[in-house]
Structures are given as structure tokens and as C-alpha cells.
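Here's the structure, in C-alpha cells; my notes come after.
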Amino acid sequence: MTFTVAVAGASGYAGGETLRILADHPEIEIGALTAHSNAGSQLGLHQPHIRALADRVLLPTDVENLLGHDVVVLALPHGASGEIAAQLPDDVLVIDLGADHRLVDPQAWTDFYGTPHAGTWPYGLPELLRAGGAGTGELMKQRELLADARRIAVPGCNVTAVTLGLQPGIAAGLLSAHDLVAVLAVGYSGAGKTLKTHLLASEALGSAQPYAVGGSHRHIPEIEQNLRIAGAGEVTISFTPVLVPMSRGILATATARLAPGHEDIDLAELRQAWEQAYVSEPFVELLPAGQWPTTAMTAGANTALVQVAIDRRAGRVVTVTAIDNLVKGTAGGAVQSMNIALGLPQTLGLTAQGVAP
Amino acid sequence: MTFTVAVAGASGYAGGETLRILADHPEIEIGALTAHSNAGSQLGLHQPHIRALADRVLLPTDVENLLGHDVVVLALPHGASGEIAAQLPDDVLVIDLGADHRLVDPQAWTDFYGTPHAGTWPYGLPELLRAGGAGTGELMKQRELLADARRIAVPGCNVTAVTLGLQPGIAAGLLSAHDLVAVLAVGYSGAGKTLKTHLLASEALGSAQPYAVGGSHRHIPEIEQNLRIAGAGEVTISFTPVLVPMSRGILATATARLAPGHEDIDLAELRQAWEQAYVSEPFVELLPAGQWPTTAMTAGANTALVQVAIDRRAGRVVTVTAIDNLVKGTAGGAVQSMNIALGLPQTLGLTAQGVAP
Amino acid sequence: MTFTVAVAGASGYAGGETLRILADHPEIEIGALTAHSNAGSQLGLHQPHIRALADRVLLPTDVENLLGHDVVVLALPHGASGEIAAQLPDDVLVIDLGADHRLVDPQAWTDFYGTPHAGTWPYGLPELLRAGGAGTGELMKQRELLADARRIAVPGCNVTAVTLGLQPGIAAGLLSAHDLVAVLAVGYSGAGKTLKTHLLASEALGSAQPYAVGGSHRHIPEIEQNLRIAGAGEVTISFTPVLVPMSRGILATATARLAPGHEDIDLAELRQAWEQAYVSEPFVELLPAGQWPTTAMTAGANTALVQVAIDRRAGRVVTVTAIDNLVKGTAGGAVQSMNIALGLPQTLGLTAQGVAP
Amino acid sequence: MTFTVAVAGASGYAGGETLRILADHPEIEIGALTAHSNAGSQLGLHQPHIRALADRVLLPTDVENLLGHDVVVLALPHGASGEIAAQLPDDVLVIDLGADHRLVDPQAWTDFYGTPHAGTWPYGLPELLRAGGAGTGELMKQRELLADARRIAVPGCNVTAVTLGLQPGIAAGLLSAHDLVAVLAVGYSGAGKTLKTHLLASEALGSAQPYAVGGSHRHIPEIEQNLRIAGAGEVTISFTPVLVPMSRGILATATARLAPGHEDIDLAELRQAWEQAYVSEPFVELLPAGQWPTTAMTAGANTALVQVAIDRRAGRVVTVTAIDNLVKGTAGGAVQSMNIALGLPQTLGLTAQGVAP
């Protein structure tokens, strides 16, 4: 059975990546493509790598153009999706690649985004661990909440990397969620097509540039929310992204202290938490002991690769997670969640093989 | 119907790229994977981006391990495939990613490679134009010679880029094949995994490095051969590759003088030759006038993008062609030719959408 | 003796590079720094790598602020320097990094720039060969015309690379200047700080992008002018620049046919023309036979490195020249010419050692 | 007064960078250049960017060739300098760029390097803070111990970045040295010219690769040693380096918890510790509030740029430090220390201006 999909914000990176994937998806027919200032021009001018859709003309982003599809993907600036989504019928699957509907706590939204909260949608990270009732020790996965969902909020790319790296240890009670520290090497496509001097190639090449240092990055409350869902009590995290000269990719180094009582755990035992969490997952994998993830391994793929180590001197577990920010971090995660919501095999149209070297 | 494929040289870049594509090919089952010095280890150690095959153990590259498959892909150093191929049954489809069986003229082989010639196989560039008899003006394509082929020689990556850029104008008699000049910006994966100082990241980053300058590159006789097949008489080409800091991609700038009598042709008329040559091709495209190809548009895709311009002051036509050297330039071209030889749709398992940005 | 220098356009790349060099120049005191939209802010905000001047406040670019210095460097957009220069006293050394005063032929200016010609200044390429009277066979260098000059037009960066590569062979009558072909791998800083989508890091990384293909680049008439000065009769050149993922550097591959009567020249004899042209030059060098220039060898240095080869099959000589576009291609060349005009040693404040790897 | 310098290991990156700087140093005459496997060849083959020394022939690395110079710089593999240094006269200034003589504690050496300890030399980080006697609150700098030194151990590059970032806060008692976390984005030249697959350009481009994760990096005991000298009691640090696609540069993100009693310190007061520590330093600088360091700002320069932020949610101070690993991290730091030891101005032959963009 074929579903029709409209994409709003088709000339940007997130919208483009969604189209790159959907163009080869066997059960999807691509409908309306809309844009803001680029409306009226051909998609091939803005996304020349998507040959299959190069001739498509971009329509203005308004509700009329988005109506009449089975699925609507919103790849819009933060704050822009709430109003449009509210006008789409309840039985349309609406997938928001922006931040508007990710957070549960309206205060956290307002603290970091400064605008009124648009509401909370089912969270599109199928592999997110959900701790059961107190003391039950049972875990379910977010995937279960996505079946038949008609609204999905796709996670932030950095959030996906840090959550997948840390959550098994936290859900298993092996890691303390107090005093987490994460530093991420991130590619430039995460910043979008915005025209800013520090995003120019001449500034980026040969350089590493930190940003949002000191706790101001908007992905922080979302990471905290995820890890609480995975079973943490209070979460604190120092989070620093560093732009490095690559177009795609996130390499998240996230460290946590071993939880009290588990200071002497050996590596094989620690690894079991990650193995169990991900053994049945098609897109998230703990690498064999001793092999470390790199972003190139995941380029163009919906794959997240994780590795862990214990640093006895420092009393910390170090996790490293690699994803492609535009795929597993955005559009691939969206398509995976879409597949689940539509009752399709979750891997349909997605690959686990990275484009490397 | 499913076919089994063995890959010899599975730990290198060309073999790896073949496996990346075949891992998601709907009609292929991957059989033996062999290697030379890496035999005995797991593929995941050498090709960690190919998650689907990470656990496969590499066998030694010998005929016994390659027997019993429908298809054998040889991704071996130049000069190594002849002996093995000779021992494989005639009804097995053998695809050589190396240079050994590309050239028709044994002398050209010896001049550039310095060893005895292994023989000539059907040439795996489906889009290659073949001029008919003198004065007939009829063109066929190499594709016709690949149906039911059981030996295929995959073209060199630079050759594919230059050939696809120039051949329509030459076949149409609009360009002179005397005094061609081609300069290519090429990514480092084309040099393979060989450990040489100038291939180190620290040497490559921030630098552009020419090599094989002055007519010594081994792809030169192959380009000449192709353009003669497309209808040129004598061909001379100055060919200079320049390594630039990207992992994949070839951007070939190839210029030719307008043929006598066509000096005043206008651009629209000139473009018709390329449009006609490629209008029915799923993987080769003349971009709309004014849009220039970039390598990123083709990354990970089996796409070749071409653009042409007339420089009246210089009396030359400039063609620019972008491909991914490992896909359309090697493994993707191989799979496309394999599909044709096996009677499958030629696009099966291949994408036209590049992984950009 | 110390000279004072003002720099107009101090917040851009060309102005910044001039300041980077002058900040460590032993005979220069840096005076007024001016900018257009950035006036009023500190230099350190725009050029944070120039620590010595980080606290300097940018003044508006007007004549009043530039008056009272021994030297004024204009790093302004094309077309903006003429008016300002006209208001500066004749005894002030004015150095224009822009294109306005480079071309001798007003028609060539208008053809490529579309505005009225601002006039011609002494050309700031000290190593430019100047052929003597017809049949004299004598060569002088442009350097002689720069002594005591009070107006200097600094060459375009691509022009410098192509001119230095080809001129010895042309001046010696060994190369034909008809049907030259040049393809350049160029870094992104050459495009300046302009905010355009194709200059974003996410577009540039992993990609090679051609531009101004087909004879429209504004550096073409300047190359022709230089080669005519070096002794060519009519000059035609096909010129294609390709942006590659590096911040700095130009690698120019420029080819020419051997002049009639010299088709059989051997390499050693050919090399003599380049050796003689550059033997006494501190910043331009023919590399030892067999060693090819790379841009990294010249990064941050005022060095141009050249190599030549003969391609007998193609009947062409191939020259490859590497420079740093911002140093020898712009600001370093400017400082070298300034030194000459001021009677200082031409190498003062300049290095020949590149920052590599 | 001119001093003569010999460099052992002149064909590697550290030796080459030393020569790049010394070639333009006004008080240095370069004497013997030695190498191991490259002995007998010209320096220009290995360091083509150092034009001034391209013709120099490399001698074998033995004591005879190194004798008779005022200064000997050892750029040798770890473990190789002890034996040679022991044979050089006491009045020769010997500067070891390797690790052999950095650590005070023989056990720490053996734990991380696995060989016998060669002894401890004065440590070549002039800006290292040295806490006085208990309760004195007095600070001196390592510079004082370098005057007239005749043996100098140059710090590890990562160590320099982390030490300069954290030490002011630790020396001032504002930061806790327990549970430090540092993640570094590092360029590939830090890995030297070693031929390993993961150092190939094709593996590095478009990728971020962690290594030595989990507490195994040999720079860890050296960081701990420095911070103890700066006044910390016990030091624990989680340290993760990540290779990113740049040739040079280290961007060190190092975080520490605010020390008990200082949890509510405001940023202006916190910054005073860094300002006081570096106010008189020519090469280490706290950037203005709100401006973050990038590695490009320091490329080719002997500069270290630091910035700090307080993350109240996380209870941590985040410091970011940028250096060029080959300059301030190795060769530039060595020349600065050499200048001090020889009684020259410490800035001689060194620049603070980075080669950017």
C-alpha cells in the first residue's frame, strides 16, 4: 500500500534529506513540496542531488497545499510548525522535524526557546528506553507509543546521539545521571542553510569552533527529559558542541560516573546493558569491544554506533556515539518513525550501511 | 530470482563499495568474501560501515573460494585478476574492477602498465556511445554488448568522467578530438588504502596535489579508446589529475575545440547532442543550462552530471562532469553492468540521489 | 625608517591578510583601519587571529581617515577604489588590492566589469617578465617599474598563479600562447566573506564546485595582458576555476602547446627558461625535476612554486603552480611591492616558508 | 649574538616545524640536520615547504653529527632521546620535543610508557603556574626555572592546551581538580607521519575518530602533574581526544566543578583568575567575554586562546582552549623556551598572529 507524503520546508537541509530518503522509499509517493522564500522555483535548484525530483516546483507553505496527503512532514524553523499542525486533520500523520513538540515540560520550553509552548507529541525515537513503575525494573521502548501515532515529534540530532550513548547504563542503574559531561564534534549541516559568517567554508576549513558553551544549547532539556524517561532521577549535564570541518555527522563523547555500588563493575558486565538494550535494534549497535565508532561509518545511514569504556583513574564511563545528524539524527529517524506509525516495516527505505570512506 | 555474488578483495575500497551496494540489493545474496593479507579477520574490522556484513569472515583469495557463485567480482590490484579469471567457468559472470581487461590494444596496455596483456573483455560502461559504420551516423550504446555478457571490465573512474563529458559532442562531430585537455579534481579514495606519505590526512588537508602530470596516467589510453569508439579519429588528450581534500568524487573539466565548420554553433544546438545522448539514461544527465555539477550532488549515487559551455574567446567547449569515483566510477557502474548482464532492471539496488550536503 | 600604513577594508579577508603580515613587519607602523558596515567595532571581532591589533577600533572608510599615512592599502570591492584613490595625495603610496587599476585596455575592463575604467597603475607583480623591443630578446622585470611608484595595482590571485607558471616559456618563445588551457583548484577564501549559499561549509565540504566556466571570469583579460607583456603575440586561454575544500591556496594547471620549431625540445632545455627567469627571485621557484608543487607548501608564505612537464603524446607542456591566494596572490604580493616602492628590502616582513603540513 | 642549532629528526613533523620557525629566526644559524631512515636525502624532499633549507642534506642521527652546536633539538620517537642526550655536553642546550624527560614520577612514566624512566628535565611551559608553599598563596611561573636551563623537556601538545585552560582556576582555588573532564578536537599532524590506515586522508575526510578512549592516553599523567604544580591536591581527569578533519590544531574543551564555597561566583570574578594569570603573557590570552576560540585563530602562531563559561545547571565551569599543536603545542613552545634559556627575548622569531582564514 502506498502513502502520499507532503514536505513543508523542502528547500532546506532537513526537508531535503527527507526527500532524498523518500525518493527511493518503495511505499511512498511524494506529493506537494512547499517552501517559503523559494516557493515558485524548482527543487533541483536547491536540492540538485535529488535527481528524481529535480523538476518539481515548490509551492508556498500553507495549509491548503499540505492538505490531502496521508503524511505531512514539517521541516520548518522552530516555532513555525505549531500553527500549521493545528490546522491539519487528526487522521493525517504529521511529523515535525523541528523542536516545537518535543518537550513535555512547558517551562523547559519557555526557558530555552522563549516562546509559548505548542504542546507535546509522541516522541520519535523508537529506541528510547522507558523505565516502568518504581521498582518494577521493567523497560519498554518508545516504539510502542508510535504505532498508529498521528503526530510525531522527531528528536534533536545531538539529543539522539547523547541519549543512545548513555541510556542503557542509566536505565540499568549502572551510571549516575548527576554530573554528566558531553562534548560533541558536529558537522556543519546541523546549522542549516542560514547565511552566517562563521558558517562559511573559509571559516570552517582547518578549524574547530565551539558554540553554545556553558549550558545554553536548546538540546539540553530534551536530553534531560529522555534520560529521566530512561529511569534517571535528577539529571545534570554539561553539554558542549564543537563544529568541525565535515558536512555531516555527530561524534558524541558522553561520560558519566559509575553509580554508587557499581564502581568495580568490569567492562564485560557493563557492556551487557548496552547489548541488551540494542540487541534487537536494526539501527543501533554496540560495536565489538575495542572498536570505536567514527562518523564516516554512519554517513548517509540510519545507523547509530556506540562504544563504551571504563576509566578507572577517573571513575567514569566514557561512551562514544556516532550518527549522521541528517539521517538517524533527523530525516532517517523521521522515516523510521513514520514507517512504524503507518504499520510498515520500520526499516523500509532506510539503509544501515554508511557511505564510507 | 536471486543471484549469489562472491567478492575478491573485500577489504579494499572498491570491494567495500561493491558490498555496500550489494548489501541492500534485492536480488543478490552475498557469498564468499576474500582478501589477501586480511584473510581470517572479520569484514567489520576493515569495512565497519557495512553493518549488514560486519560478522563475515574473510577467506583467502583463491579460486576454490570463489567457485560456486553466479557472479564473481574481482577487486584486485592491477595485474592480479587475469590468472584467477582464467580459472573461473565461462558461465560465471566475472566482473573485473581492475584495469587488466579494459584495453583492446595490447600495445597500449604494455606501454602504460609494462606487463603482458591479459585480454579484452566487454567494457562495462553502458552509456558509452558506439559509432556505426563510416558515414552511417548511427549510434548504438555499449549497453547492448553487455546483455548476457559473462565477462565485464569495469572502466577506470577518471575515464568514466571524461568519456561521459566529451563523447556526445565527439559522436555528433561537433568537437575535435585533437588537443583535448582534461584536469580533474579527484578525491583520495581513488588512491585506495595504500599506505603512502602523500596520502596521509595531514598532507591532504588544506592542500591540492597533482600527480601523474605530463601524460603518464594509465587512464589515458582508455579515454582515447572510448572516444575513438564514439566516433573520433585520432585522439590526443592532455590529462592531469589533482588530489583535493575530499574522500570521494571526481570533477572533470574537459575541454575540446569546436570541430571545423561548427565554430559558430550556438549553445542550445550544442546542448542537443548531450540531451539526445542521455535523455533515456537513468544515471547520466545534462543539467539545465546554467547549473554546474558538483561532486557532492553525486556522492554515494550512481549518477553522472554533465554541463557544457562555449568559450568563444578561447574557441573551446568546456565540459564539466561530476561522479562519485567509487559508485558510478567503480562499484555502482559494476552493479549496473551486472544487472544488465543478468537480465535485471539496470537500476536495481542503485540510487540516483546523492548524499548531500 | 618606519612608515605608517592605513588599511581600508580591514574587516575583509584581503585587508585582514595585509594586517596579519604588517603586524610583524619591522618597518611598518599600523595607522588607521577602516571598514564599511563594520565601522565602530573592534578589529578583534572580525580578525580574531590578529592578536596584536585586536583592540583597534574600525573607522568609517573615508578619505579623512586615510589621510596622513605614508601608505594606504585599499582592500575594497571592485569599483570602489577609484574615487577614494583620486582624493589621496600623489606622494602617498596607494596600493589597490582590487581590480580597478590593473588593466591597461579600457575596453577589456568594460567588457568584463561593465563599468567605466578607473585608469591604469603600475602593476604589482615584481616577477612579471617584460619583453623588450621587437627582436631584441631582452627581458626586464616589472620590479623595475615599481621602484618609487606611488600607485600600485596588485594582481588578481589566479592571474599571479597562471602568469608565473606560463610566462618563462612564452617569453623564451618555447610555448605558443594560442590555445592555452588553465584549470585551477582554488580555496574558498578567494571568494571573500560574502554570504552566499554555495560558500557555506556544508556545501563546500566533500565537494568540488566549478564557477565562471566558459570564459566569463574577470581574471582572463589580465592573464592575457600579462602574457602579451611577456612577449606573446595573440593570447587565447580557456580558464576554469574549481572551488575545492580548502580555505587557502591555488593550484593552477596551465598547459600550452610547444611553439613551432620547438616540438622536440627536451625537458632539461625547457626547464632552463624557468630557471633563468626565477633564479634570482626570492619568492618564485622552479622545483627540482620530478617534484610537484602542492598548495600546502605555500600556505601563509609569499612563495610561488612551479613545475613543468612535457606531454609528447598530447604535444603540450603542462605547468603547475602553487600559491597562497591571500599571500603571494594578494597581501604578500602587495607587501613585497610596497617594500620595493619604499626602497626597503623586498623580502622584509615576508616569509618563504609555508605552514605545512 | 647568533646561536647554532642542530635538529635531530628533521624529516618528521615536529622537526620540520622547528625548522620552519628557526629558518626565519634572526639570532639562529641552522647547523646539522639529522634523520634516521631518510639520512642521505635532501630536506626539500621531506619538508618542501621550508624553501630556505630545501638543499640541505640530512645526516644520520648520531652524537657526532650533533656535537658542536649551541643548541640541539631532539625530535625523536619516545624513548630515543635519553641515550643521545646523555652523550651531549652539559653546556649544550638540549631541547627534547619527545616525552622522555617530562614526568617527575618514574612510576607514572613506567605505567604509561612501559619503559625505564630517562630522568626529569626542566619543563618547557613558561606559562605554567607554580603554587608556592602551603598557605602562601604566591604564584611563580615555570619561566623562572628556564633561564639558563641547559636541558628542556617540551610539553605534550594536548597537555599544553588542557593545562593553560584549567590552571588559573585551579591555582586560584576556584575549581575542583577532582573529576575533570576534557574532550579534545585534534588535527592529524599530531599523529606524525606514521603510515597507518586510519590516518589516511580517505579515512579522515568527512569523519571524526576518537582514540585512546577510557584513560589510556599518555598525556594524562602529565596533565595531572601540571595541575598539581599549579596547586591542585589530587587530580582526576577523564581525557578523550577526537581526530577531526584538519591538519593542525587542538580545541580542548575542559570542564571542572566549581570548588566548594565558590558555587555562586559570578563570571566577571571567575574571569579575573585567568586575566591575572595571563595579563603579561605575550602568547596566552583570555578572549573578551562572549568570544570563543577556534583553532584557525592560532594556526601557525605560538598563541593559546582561552575562554571560560559557568554552567549553573551543570555546576561546572567550561574552559575552551585553542592552540596550534605544532607551534605552541610543540615547536613554537620549544623556541620560546629556547629563547628564554639563551637570554633572548622570548618572542623572538615567533608570531602571535594566526594564519586565518
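Some points to look at:
Each chain gets a letter, A, B, C and D, in the order it is written, and its residues are counted from 1.
Basically, a contact is a pair of C-beta atoms (placed from the backbone, for glycine too) under 8 Å apart; a residue touches a chain by one contact, two chains touch by 3 or more.
What you are looking at is a predicted structure, and each value in this text was computed from that prediction instead of being measured.
Least step count on the touch graph, chain B to chain D: 1. Distance from chain C peaks, on a Cα-centroid basis, for A.
With centres defined as mean CA coordinates, chain C is found 46 Å away from chain A. Remark: chain B and chain C have CA centroids separated by 37 Å (rounded to whole angstrom).
With touch defined as above, residues shared between interfaces to two or more other chains in chain C number as follows: 13, 188-189, 200, 202-203, 205-206, 245-248, 294, 296, 299, 356-357. Against chain A, the residues of chain D that register as touching in their complex are 179, 181, 183, 185, 200, 202-203, 205-211, 213-215, 220, 236-240, 242, 244-249, 251, 253, 255, 257, 292-297, 299, 307, 309-316, 318, 320, 322, 356-357.
Chain contact summary for the complex, chain D toward chain C: residues 13, 16, 20, 23-24, 44-45, 47-52, 189, 205-206, 247-248, 285, 287-288, 291, 294, 296-301, 303, 305, 351-357.
By the touch criterion given at the top, residues 13, 187-189, 191, 193, 195-197, 199-206, 245-247 of chain D touch chain B in their complex.
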